[in-house]
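In the two complexes that follow, chain A is the common piece, with chain B as its partner first and chain C second.
Entry: the complex of A and B
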């Protein structure tokens, strides 16, 4: 949509730049050396990226974050979709109670479950493993609730037509409900991915081995590399931050169209 | 081909009223059955029970001689056409038609060939790659029919399939459905609230009200010898006139005519501009509707409000006072208490 008024266009551009300025500033900073940055000189170097990836193991953290966030997204969406389908389409004993309990989990702050989750995983011997990072994040009450509401909006006659055509419950879900819920599923997938990508507390608690650090933990460690000198190497931190936000940005661009449709769904018939 | 047998079917929704009360019917293989009744009479529920989309609380459903109460829809070998068509919006016309075949494991080339064959029969070939959203109402209706036909089943269930179409298209599709029945020879159970569809399509019509089956017979029998006052009033356009017998000239002397209502269909009434010989009612025309060659006259008489058909050219414009005569031998009589039809024996001038 193009604004017709040039003044509105200019104003939009300025507001957009205002919102983008911290990101642009940090990207600009990531190409400076620390000495030049503190001396107020402008230079250009890729040294910070080389150090972040080579010296501080950010390539490894990036892979860990991709594995953890990717699997949490895929498994989380799968579980939420199956549960949402059951809640949206079937009446079974205790169904309402279970859905109520699922919605109630939205009101529990995530930090409250930190210690019980830690103790459970410790008992299961899953601390310091990928499974320990992934499993607690798979069940997602909000995704389940959101998808259930969306699926309820899909006419039940479509399921019935598919059953008459010979489909099983899973075929109805996979061939009819999932394709028609794509906007909602895409938005939820992106939401889960971003939430997991930015997750700091749980990886900090569940993982001690440096090989399993995710980007957020690695990023936090960069603040502590020069404690004695009292100076933080901001250009290095900003290079690591840029590496951290890049995959999310690309992911967002990939599903942006669906995301907007997902958010505005139901607004227009 | 498979027949369907329904024995003492009962159904109630949790916390709601009973929607079907001991309904029993037998559909012969290859028959065209129309279930008709007002909204909420249980006709669609009955269809859904046959389809397997709902479960009966009591009674037995047999399809092709086998008990089907516990069979899931996919195992009943029945195709269904829904009122709103229920086409899969994300699939093309070809995929919609071939979906059932794909689920049954038919190879792609074969199901494509079958989809094209069905599309040719229904004149849908130019639209095979379109999505349902890009089709008109009539085309969507055809796709819904094509989807059902592609599977070569012996039983079709149709839930008010023409109710979303405009009148001209409805008449055209009615003929096509009748043709289709002749070609396929399948058993068709068709639900509608449109009595014209019921009378014109059916081999046998089932009339339902409030979850009860009132009458199940050939259309001509239902029209000529309705089981009760409701059936008589529900079927027939223009509708039948009900008048108290005591106020109807010619009925006063009938033996056993106490507490009866006479039913006079407009086609047994004759409209005169002068008083005819024999029993007649003087009538004042309240409103005259042009229906083409005829005028539909709404008249006030001493016996009550009456609707009659008169040839337009025989009746001068602006006629206000007419006489209406009737053929008592073809009149219907209903008991005022039970609503059931009672028979009039013209020779004896007696009601039995």
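Entry: the complex of A and C
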């Protein structure tokens, strides 16, 4: 990394803070009482978090979001990895067609399946269940495509050596391909997790029971209860918003570089 | 025999999920779009192209299309212009440019609902951040989200704020792929900064620009969350973008036929755009260094 002008560095810091100021200020606001916020006084309180978590059920929403995003990630990665392995290593009748169909899903907007998926799950009695939230999100064409490209870069000699020693396909996948694809798998896992964590329209239509709200739905409802009825309790809303942002934010800061690299690879290659 | 079947076992789970939740729904939507149904009645009579005709005859569809196109036309140059400007300042691998890239990228991974809620406060008429600043410098207090002219702009700003980081990352990759020799040659010829930008940088990032342009247009046609949280399509339909209309028709009015017809129209539009995009990627995104 090159040394740099301290003035430029300071200016960059300011620009970054200014850009993020709405979110930074919302986090700051979440530690103020409503009265103090409206009066323009500065205080510190955890009261908004206590109310969001206790009275407004955000602990439950947080758990729901973790369950749904976690399961979608694990299942989605598993399914994508299995298929990617077959597409990367086997030539079989219909293989190219199926791979094409997988990649083509990237072009298909999700709204076309909104009403049909709602009907499918209603028929299966899975609306208002975790399964209903999770099942439609499991297939991920991009993850499969990305992993397949990555796996093709792994020398085939490694598989062949293992097959000589009598390994099964699953063993080769699990012992050789998966460990060597770790960077690709983890960046895809993160990508799926974030996308699912922030998913809004599907939980909005698939869930009516409050006990199954994800954070996104809970936050939108909490904000929507208020408008029209006098002053909004902004500090409370911002505490809920901070709870919604924080887990992904921390995860992102931990692995930012991998994710950005993954995105560039997917877009310009 | 079994050995020949092996690859099919590996792809089967993904294929089943894709079939059930992506491909069959396209056919289901097509089928529902020529029927009349509201979730409740036992049968769904075939009505031909009636739902499409009804949509094309309704003011709300044309309003929605207009608003969506307006959103795209206004937000795309804003996004790309800002992103290219910022990216050209952040191509060097210094600590501060890395951190700034991170800062700009952060909103892309942040919950859209949170962003919508936070910006509802930023643009709130009373106690909002923007109006507090305007008040400080002696300007008025516009009712941003209640004003039919301003509300769409607010959504455009929020969407730009969220997507900018992605555009910047892609532009940086595009800019870094431009061979240094070209800049050196331009410098030897005594090119002015603006000239070099116009004659060297701009043409050479054109493929990246096309790519981002189409992505941005595709995204504009799919905007929903910020509309649903911030304006509900209002005031007076001023922000009633296409997916919001689809949600209203399908899940508030339960007019499944008309909702499906709208979904099919959107599908055709978006797949067309996506095909255009893949042609561009196929042709050449990068100039090899």
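Brief remarks follow.
In this text, the second predicted complex is superposed on the first by the 234 of 269 C-alpha atoms of A that agree within 3 Å, B and C clash if a C-alpha of one lies under 4 Å from a C-alpha of the other, contacts with A are read in each partner's own complex, and residues count from 1 in each chain.
Note that in this section contacts are C-beta pairs under 8 Å (C-beta built on N, C-alpha and C of every residue); 3 or more make two chains touch, one makes a residue touch a chain.
This structure is a prediction, so every number in the text was calculated from the model and none was measured.
Per the definitions stated earlier, placing chain B and chain C onto a shared chain A by superposition produces no clash, and the two fit side by side.
In the superposition on chain A, A:95 contacts chain C only, with no contact to chain B. Of the two partner chains, neither chain B nor chain C is touched by A:39. Angle at the C-alpha centre of chain A formed with the centres of chain B and chain C, after superposition on chain A: 100°, rounded to the nearest 10. Shared-chain residue A:8: touches chain C; no touch with chain B. When the shared chain is aligned, no partner comes close enough to touch A:254: not chain B, not chain C. When both complexes are overlaid on chain A, the residue A:179 reaches chain B alone and has no touch with chain C.
Within the superposed three-chain model, A:171 lies in touch with chain B and out of touch with chain C [touch as defined at top]. Of the two partner chains placed by superposition, only chain C is touched by A:113; chain B is not. The partner that reaches more residues of chain A, of the two candidates chain B and chain C, is C.
Of all C-alpha pairs spanning chain B and chain C in the superposed arrangement, the closest lie 9 Å apart. Remark: chain C residues 4, 6-8, 10-11, 13-15, 17-18, 20-26, 28-29, 32, 92-107, 109-122, 124, 126-127, 129, 161, 166, 169-170, 173-174, 208, 211, 218, 221-222, 224-225, 228-229, 243, 246-247, 250-251, 256, 259-260, 263-264, 266-267, 270-271, 274-275, 278, 285-286 touch chain A in the complex.
By the touch criterion stated above, chain A contacts chain C in their complex at residues 1-2, 4, 8-9, 12-13, 15-17, 19-23, 25-26, 29, 37-38, 78-80, 82-83, 85-87, 90, 92, 95, 98, 101-102, 105-120, 135-136, 138-139, 141, 144, 169, 194, 197-198, 200-201, 204-205, 215-216, 219-220, 223-224, 231-232, 234, 237-238, 241, 244-245, 248-249, 252-253, 256, 259-260, 263-264, 267-268. Chain B contributes residues 51-53, 72-74, 78-80, 82, 84, 86-90, 99-100, 103-104, 147, 151 to its touches with chain A in the complex.
Those residues of chain A lying in contact with chain B across their complex are 155, 157-158, 160-168, 171, 175-176, 179-180.
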